[in-house]
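Read through the structures below before going on.
Next come two complexes, and both contain chain A; in the first it sits with chain B, in the second with chain C.
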Partner chain A sequence: VFHSCFSLQAKHTEHHEGRLYHIPLEEVKAVFPHGLPYRFQQQIRTFNEARVMVRKPALELLAYLKGSNFAHPAVRYVIYGERGTGKTMTLCHVVHYCSRQGWLVLHIPDAHLWVKNCKELLQSSYNKDRLDQPLQASVWLKNFKTSNEHLLQEIKTQKKYMWGKRDATEVGRPLGEVVEQGLARVRSASDAVGVVLREIKQQSHRGSFRLLVAVDGVNALWGRTTLRREDKSPVSPEELTLVHNLRKMVMNDWSGGAIVTTLSQTGSLFKPSSAYTPQELLGKEGFDALDPFVPIPVSNYSPREFESCYGYYLERKWLQHEKAHTEDGKAELQFLSGSNPRQLDRLAGPL
Partner chain B sequence: LRLICTTTAVERKNVGASGPEKYTEAFIKKQIEEFNLGKRHLANMMGEDPETFTQEDVDRAIAYLFPSGLFDKQARPMMKHPTEIFPEQRKIQWGEDGRPFHFLFYTGKQSYYSLMHETYEKLLNVQKHQDQLIAPDLPLQKEKRNLAGSRWLTKIELEEMLLEKLSDDDYSRFIQLLQKLVALPCADIEEEYIRKFSKEVPVQLQKVAIDPLQYDERGVAFSTGEGKRKTAKATAVVYDNGSGKITVNGIDILHYFPVLQDREQLLFPFQFLGRIGKHDMVCTVSGGGRSVQAGAIRLASAKALRSFVTEKEVEFMRQAGLLTVDPRVKERKKPGQEGPRRKFTWKKR
Partner chain C sequence: MAAPSAAGLGRRLRAWLPRIMPVRWSRYDASFLEPEVNKELYQKPLEKLTEEEREQMELKAVRPIKAAPPTLSSSVFSDPMISKFTNMMMKSGNKVLARSLMSQTLEAIKRKQLEKYHKAPENEKETIECNPYVIFHQALKNCQPIIGVCNITKGGKTYQVPVPLTDNRKRFLAMKWLITECRENKHRRTMMPEKLSQELLLAFNNEGPVVKKKHVLHKMAEANRAYAHFRWW
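What follows is the complex of A and B.
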């Protein structure tokens, strides 16, 4: 039976392709405070359990990660594919695996959120040209804290940082304090983010912990923004502190970890909806910056995966229509959704 | 409710039954003479032989001499025999002394009642014949008349035949009498009389030739179909032994038709026949908008699937409406209105 479940995904191999494994709900809250797609979160709430399908791209990625040598500079993996084929879910799978293994996970749920719809832009105190985004930074810091509590206590700062005129963080304090500082002082949240990123990058090659940088929607870092300054002049991504620091993280000049990114067209700005390859979505700048990388394509469900997903919906009694239980109904669903996971999910909703 | 498609039989007003004649016999005779003379003149003009000048030649000559761009054929100039143009009229029914010719004149509906009398006479005739037969032999087993292939005359047609107005009640009584006559076993004697009042109905199943399956170089069977709807034209090639993949203009249907409704339209012919995952399809479509293109492809694929399927299923498809061209097109805007139906905003003052 395809949809038999089991936990402990450390032993995932190709035999398990198409099966769904479930993550205990406490782990979900701990590992994924942000980052799961909205519809998947709704599904978790409905079914009271989180089931993720094991698919080939994820297995490939995990194999690479297991076999990678951490003395070399970090390898970059770019997950790309059509809309609704499961890129974000693959990323979440990998993130869960790494957090189980004890890595420090730097998970940015959607980089597009940082380059659009920002209400407050402050001029950065650290660097006069750049602009801060206190709200987004503080939200991210909170989630980062929940996901990586235990490791934050172990990593110590190596430099003294001044927050404004009075506050300072001494050398040797745990990173958790920096995060607290950022949360308490919202004005300096973006700088706190920058500090955290820099510290982690410098210390990762020592080998005390492994670092996974997981960015969803990495094409936002090199596109255009919809933000404007008060004098209505457009802002380019480099002028945002968060984006600037993140770009430094995504460079492969550090070792002891891996960088896994996803391209996303749905949140991207000023890009046609049929674009899905790395060249189109990253643009020349982004492509040059990310080059070399390992591309990982994600496609629609294979027949086996489709059957397993269909079987899961039937088991959880999500498909209530009488015709949906028949072979004809299954063929119809496959035809109408084109084996696209998102289409299937939306189709099965009202049934 | 207004009928959208009306037959000409319904629309034509029965001028013949409206009243005593408007055109005298002498007038009609004069018209016929003039027509014949005119025909000879026309033949001379066209350089043809006047003796062998048929009505078709007349029509062609008139269309050549008086070209018209009007859409309605009845509105164009025509030259036809006066009996076709002036409808049949009832002549004066009484003589010079005022005495009517027909014995049933004072009933008001003389031809109708005389018809009823005649039909009843035939009925009695048949019954007498039957009684004669029943003594010596068993009555002949009458072959079932092809009731499906014929229909009785409509009220309008009957009115035209009798040249007088009928009421619905009268008409239904006459039809009942005819049916009673037909139901008797020995009605074959009066077959000729009954045939005067029945008409052949053309069989609905227009026998359209179904193309046989063609085979391409890999040995896979395929067939083509064409469809159109409003302004979109589509051609579909359906291959056998497929997996249900469909490509439109080189693009996968998920990308070409992001809306679910269009994909459901494409699914319909396959789902109806129960062959969802069995065929591959490659189509090209142009013109129209999104749902119109979907409808055109649906028609094209249904036509292509006819070759893969038994005749009975073809009949089912036709009755389901998968094989008919959708006649709806954009309605013309009329002057004095904002659109085809919408009137301008009505202001009280």
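What follows is the complex of A and C.
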């Protein structure tokens, strides 16, 4: 039931639901320098292969993306669900599909990392009110470069950008140079990110490339931050350059692509742990900003998907306990995990 | 010599009364029965039960049952040795933490062995053991000493006398040595699951500091063979 030997997602249709398809390891390193959950990365290392389950929400999203008209403004999709049901994995499935189709993928692995635990906050040179985050910006630029090497050489800048008093990027230079500039001069990394986002947004309607904006934990952009300035006054998200530019990206005033986002309570700040709907997690401001969006709920495993996952663990010798191979063990696993993918993974770990 | 004998006489002359508050005995009355955890027994239809089992069921209908201790589990995956080890790892009653450390240890052992398994050539694959429970039990067995040493004072001098150990004592010593070794002799910043999984894998292969400690104890007992007759039990 669970073997899906092909890796071309264009052929994924409803009757493949519940089966696992595998991604070759070189592609994993190229497409996902960041963005995969940590437990999944450990699983890839242990089993020496990357297997992603094809589930209904992902199939739905892929169908929408295949049938969307790229002359119209970008449609926003919000993947939501309870904790541990597979929202990030659905996003990664979509990202892999789009990068295989040759789209330019703007994948922000976790927007919550940009609003908390920042060691260095610099005052932005471009706009006096805003704050820069050089470390987070440079890490993201490095990963962005790894995932989109080929397309960065084709897109050319349309304006001259000054980095400080002496450095400048002329018109018509490939975007790769802007990224290099951001990596070399870490102080201007956030501005480099802003430039990249702006250029991509302006040029996407021409049709030479399709753009996918994939943001995990989009509720971080409209919540509160735990960052403070040196005078201990709190920082709100709009005062961060990275968040400001990302908000502009998530607006649907551009065409030629799609915006797929995920809500996440686990990394969120000041939100109760029982909150999972878009209304609760985004708040009024975020909901109004994202307003015409397509909600995609992700739920626990169906019985068929559970069988498939259980069979996969057995085949890869992950379930080593003798009783885990019996019917009783399987029933117990299903009951204890409640068919929740994360709970099943955590339970099957020591067994 | 008068005072002690007078007090002893007085105590013996008073009638012997049992203590009102039992200190270490069970708080349950004699009529209480133990709880039954085995699911299959309850799922059997009435005809298949033997005579004793039928009597037992009728007795349970009238007698009160003791409360089930938290360590008693009806899960198919529960293992008494693992529970004992988790209890010994527990500090200040934090069973949640101890249990999560234990599950992370078992997972770490499984991951290391599976990685080795997948990288090994075909002919060596059968020799690699991937089941963390088998490794745990075998490692404990390899760490258990066969004979122990006891301090006996005779004529003012204390001798280390070789002494047989009960099964419980052997298991306890093995677990205690493993845990103390991990807690004390490792780098401060390594996590417990990592340390424990390393120690268990070494003990499984009969290497490592715990097995060495067991050998040292055996050698001590062998060296003090001459005093074995000091033991009176």
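By definition in this document, the second predicted complex is superposed on the first by the 348 of 351 C-alpha atoms of A that agree within 3 Å, B and C clash if a C-alpha of one lies under 4 Å from a C-alpha of the other, contacts with A are read in each partner's own complex, and residues count from 1 in each chain.
Following the convention adopted for this analysis, contacts are C-beta pairs under 8 Å (C-beta built on N, C-alpha and C of every residue); 3 or more make two chains touch, one makes a residue touch a chain.
What you are looking at is a predicted structure, and each value in this text was computed from that prediction instead of being measured.
Looking at the shared chain after the overlay, A:Gln343 reaches chain B, while chain C stays out of its contact range.
Within the superposed three-chain arrangement, the count of touched residues of chain A is higher for C, of the candidates chain B and chain C.
Using the contact criterion defined above for the overlaid structures, shared-chain residue A:Phe70 touches neither chain B nor chain C, since it reaches no partner. By the touch criterion stated above, A:Ser274 is placed in contact with chain B alone, chain C being left untouched. By the document's definition of touching, both partners, chain B and chain C, reach A:Asp328.
Once both structures are placed on chain A, chain A residues 328, 332 are touched by chain B and, in the other complex, by chain C.
Those residues of chain A that touch chain C in the complex are listed here as 42, 45-48, 317-318, 320-324, 326, 328-329, 332, 349-351.
Of all the residues in chain C, the ones that touch chain A in their complex are 75-77, 102-104, 106-107, 110-111, 114-115, 117-118, 130-133.
Taken together, the chain A residues at the contact with chain B in this complex read 274, 328, 331-332, 334-336, 338, 340, 343, 347.
The part of chain B that touches chain A in the complex is made up of residues 244, 252-255, 260, 263-264, 267, 270-271, 274, 276-277.
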